[in-house]
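By letter and in written order, the chains are A, B, C and D; residue numbering begins at 1 in each of them.
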């Protein structure tokens, strides 16, 4: 257990280090226009599939080579961080904001509306996530905002289930009765007493989901249903490069390494946070 | 107990009905397959004729009720594209997915459990510090990417394993590894907690006080007791593995239900998609039900949560 | 570009090391297909992968030779009695693989089966000008049409003959799984999603099949098909990308077999919605696109530029209607004249179309001052939107058109006739010309009509032809085979050296 | 002056299988202003349910609970909220009674803030005042519960309870979760507070020595019913009910002589399930004095000298023992 007053500085060093790596990724995404050596959309059809460190006749160096329509891969990978991070952040926010209140209310009030909500949650959770996402994309259409909506719409049940279970448990604790006796109304109890106490597990779930959403965005873009061409995302670059995996390995390897590094950072962070918030349930 | 089991089964049935309903409406909102079936030069009239023959011009609710009605008679219908009974198509694919799931389970068990045990036994030492990131790496790899890299390395460069197909044991290795990575991470983590739980019990201290060596205690008692939660988790993981097979099967051209599902979505072959989702969710729901029951049997203090 | 890395060297040496020594007689031909056959009932499906397989199991009423000419197969001869009546005389020596003779009754059964709406054949549309069919002699069948229909014979190339007695006995589902035809190969084993094994039909009337067995494997990934070919697991890659074709050109064990097809790559330009409603904008688009850059850089030369939206492999092709030249300056001037500089266009596409070409076109249009947003949806959604109201069909869309009939009627009628679902364009003069060409049986008159029609299309630009696509097959060096423009995959026409 | 009047309070909890659990069955008592009533009994006898019912945390099945003549039973949420301004509760487990994610100051200020009585600096000043009153320091306010000791936590819980200067404070085993060394301090705090704040206390405990320490009057409960109610000194000097005597007998006397002189009465058997209470006098299954009448006829609570007792043989009890 740790107080909210602790502040960033009281967090263990490993968490701060991982947060710093995450921050670096975010900085790259934000500063992409200044960091990228080229316009990520500009094609030179005659310079397709050039290997890393290629120097063009005009003297330009392509550090990571070029893609299959002759665009600078480094610039695309840098801009690709934007798609991965923003889709993940926004979709986690959407599903967190949609799922948590639902689970909170269901766990607090119970009764038949809660039953209905929880059965819907169960149903959604027993559909393979990628199938559900692919189908929803087919209905809503791909694109940045649609992608966020799709991921948000298909992932909220996880937060609902966790918030529900946690709320059920918290609702029986004496301090909830104490708050009632203190004259707190339901809204205040949920806000001040229940929510802060279920926030820890939800935060850990959100971190895990954040990593998953990055993979999902890449997966959907890989299937051609995510970020729209010509805008780069790591998944779509890898999808473009899939056909050339034997001859232009750089198109698959570099965005893959970036993606892997980011997700690993997020997962390690989630792991450490879990340990930090509740050492007993470490690794669960 | 029996009443609670009946209640849980009832709830499972409701969940599955929910799954079918969600999938039905999402699928039908995404358009029907008539245009995919006809040649490009078909006329408006001819398309309308085929659409009528296929029944897609009826109101959605009517189609939904007809679907449920057929399902209640255990009739999964006929594939629009393959023109074969859906049950037969599914039956021809399920063995592959089961094989792959089993392969992944073996990989996950063979690597995950010893890793988890090692992390628990050497808690806080360098062994754990090295293993944790490795385990987490297992669940940070995008399967489509690791699949491609595996094919590139072992299939193309080294030529040790077949690049595609589903024949023979060697073809099973790469997809199993790609699919098993995530479960391996889960198993390792579960094994670690279970072992730590057991190691902190009094009997361990007592046994050591009696002069048993630590290794003997671990082998004789700790591992056996720690296995109980692991077995129940494994039941749950089977459902997750089947779901994860979707991407892996697509990458490795593994002819299981995952690939069938993706193909059928692309073809809008409604009844096949619904049958696949039905199958996976039934497996998922049943395995979680079994896991719950197993918990309740092993530890009667755990009440079945409705 | 030939700056190779160690990895590439490894890739190239692998096949040499792993390739097994081969005996002179090749017993099994292994073909990697991009998809599994959907059905092997030849009357139930319209996709090329199914066709590739079942065409070797069945004989068709008529067929095409290497030059594309329609020649006899089950029908030995035919003649028109009048524009709506045609009489076929059948061969007598054809037997199905179960030993029964192929008779006029089987032909009539096949035609009636495919034209019966409740059978729900997707191919019905190709044959629905047929009003009735009857046996008019021991080996004679007479077709009656609703209206005169010039491309009828081209359509009948796709009509496979199924055995009446067997189908009626086992039913449609069983027939689909265990088809019996009169072709050079019979179905041995079908593992859905894995492979289809065919065995030679020793009693084939047309001669001895070249391989005792043919295996069609289902390998969706381009890279994997290429790897299979290199490692010797496959003899033919049925669907090779131009980049891969370029890559294997140096491999001493492999070769590329390619041929121009009747498939035409085109750009649809929505004439009924948005900025592209203005013909000046459409012409500007036509002049902004550099066909040669697309063909040379992206298709590696495995395509030919076309002047109209039809290939020379189809009847109705005219060479003297010009294409709009590549002229970005003139394009820009036209856009300025139309006050359309900076106009926003939507480019509708799906993963089924060549993404590189889409992106290249986007860039080319951007260069002349048009803002193009790519809207990629999945194929069913693409078709639904493309077919629906003009406002949702996008301003631009790529297409790769083949009617498998090698006739202009199958291309420009469905694409641009105002009565067609795909058309977002209406010109009564054009409609009149293509309607006339459809019902006339006089080739000279039809050609004149199409010439006039293509001139209208050139002026109105509701779409432009970009290139004539090639069929590209990767194969082992020993394979002797001449691919044909209609992309038929007759194992009978192959030899192993 | 009567502050709280509980009449025929009955609380039954429905059970999934079998008959309802009769947690509280026809309990009546009163508490005067400034008075402390100790409610004592074994765990599971229903005393906590009584405490919860008084505060409206559980709905009574029957009976009436009046605070200053106002009926609580069946009151809606809004009315309960008003009534609770005048009564508060101190919980058994101070660790559970405090929100781990809320500071001590925040917890103590909560009743003031939710009722709009104080905020900002005023609230902080009042919190400091309350902390002083319960023997904590104002600089404890920004701490979280886990940063305090058990005794400090209970002081914080008490500070929260008295923030609104309630007329009645219900204490449910307030010391049972504490170390023995801390218990006396907390009990003395209650005595102090009662003097300075002028509250009435309903003090619930299974520990008769604790009850003896703080109470003016004591009520003894067994299996959902009151068996004896008397002034403290009367009860401890002359227990009338065999159960009371058994409870007292179990307490070790500091003075060995007194211990020896005390009647020995040991309880046999287990406490029966409140779901199936025995007929007649519910205590008869364990009562050494039980006669056939006890099995048939439930005894009523009746006055006997200065005591109220529910036993058919209360008069004989003294001499038998």
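As a working rule, a residue touches a chain if its C-beta (ideal position, glycine included) is under 8 Å from a C-beta of that chain, and two chains touch if they have at least 3 such contacts.
On a predicted model such as this, the values are computed, not experimentally measured, just so you know.
The chains that touch both chain C and chain D are A. When the C-beta pairs in contact are tallied for A-B and for A-C, the bigger tally goes to A-B. Ranked by distance of CA centroids from chain C, the top chain is D. Rounded to a whole number, the gap between the C-alpha centres of chain B and chain D is 55 angstrom. Once the centre of each chain is set as its mean CA position, chain A and chain B turn out to be 22 Å apart. Mean C-alpha positions place chain A and chain C at a centre distance of 42 Å. Averaged C-alpha coordinates give centres for chain B and chain C that are 38 Å from one another. Looking at chain A, one finds that residues 138, 242, 245-246, 249 touch two or more other chains. Residue positions of chain C with contacts to 2 or more other chains are 7, 11, 221, 223, 227, 378, 380-381.
Every pair of chains meeting the touch criterion is listed here: A-B, A-C, A-D, B-C. The part of chain C that touches chain A in the complex is made up of residues 1, 3, 5, 7-8, 11, 221-223, 226-227, 241, 243-244, 247, 293, 297-298, 350-351, 355-356, 358-360, 362-363, 373-378, 380-381.
Of all residues in chain D, only 55, 57, 81, 84-85, 88-89, 91-93, 96-103, 107, 110-111, 114-115, 142, 144, 146-147, 157, 160, 163 touch chain A in the complex they form. Partner chain C is touched in their complex by these residues of chain B: 30-31, 33, 35-44, 46-47, 49-50, 53-54, 78, 81-85, 89, 92-93, 96, 148, 151, 155-157, 159, 162-167, 250-251, 253, 255-256, 259-260, 263, 266-268. Taken together, the chain B residues at the contact with chain A in this complex read 11, 14-19, 21-23, 26-27, 29-31, 132-133, 136-137, 139-142, 144-145, 148-149, 151-152, 156, 189-190, 192-193, 239, 242-244, 246-247, 258, 261-262, 265, 273, 276-277, 280-281, 284-285.
Note for the complex: chain A touches chain C at residues 41-43, 45-46, 48-51, 54, 68-70, 137-138, 141-143, 223-225, 228-230, 240, 242-247, 249.
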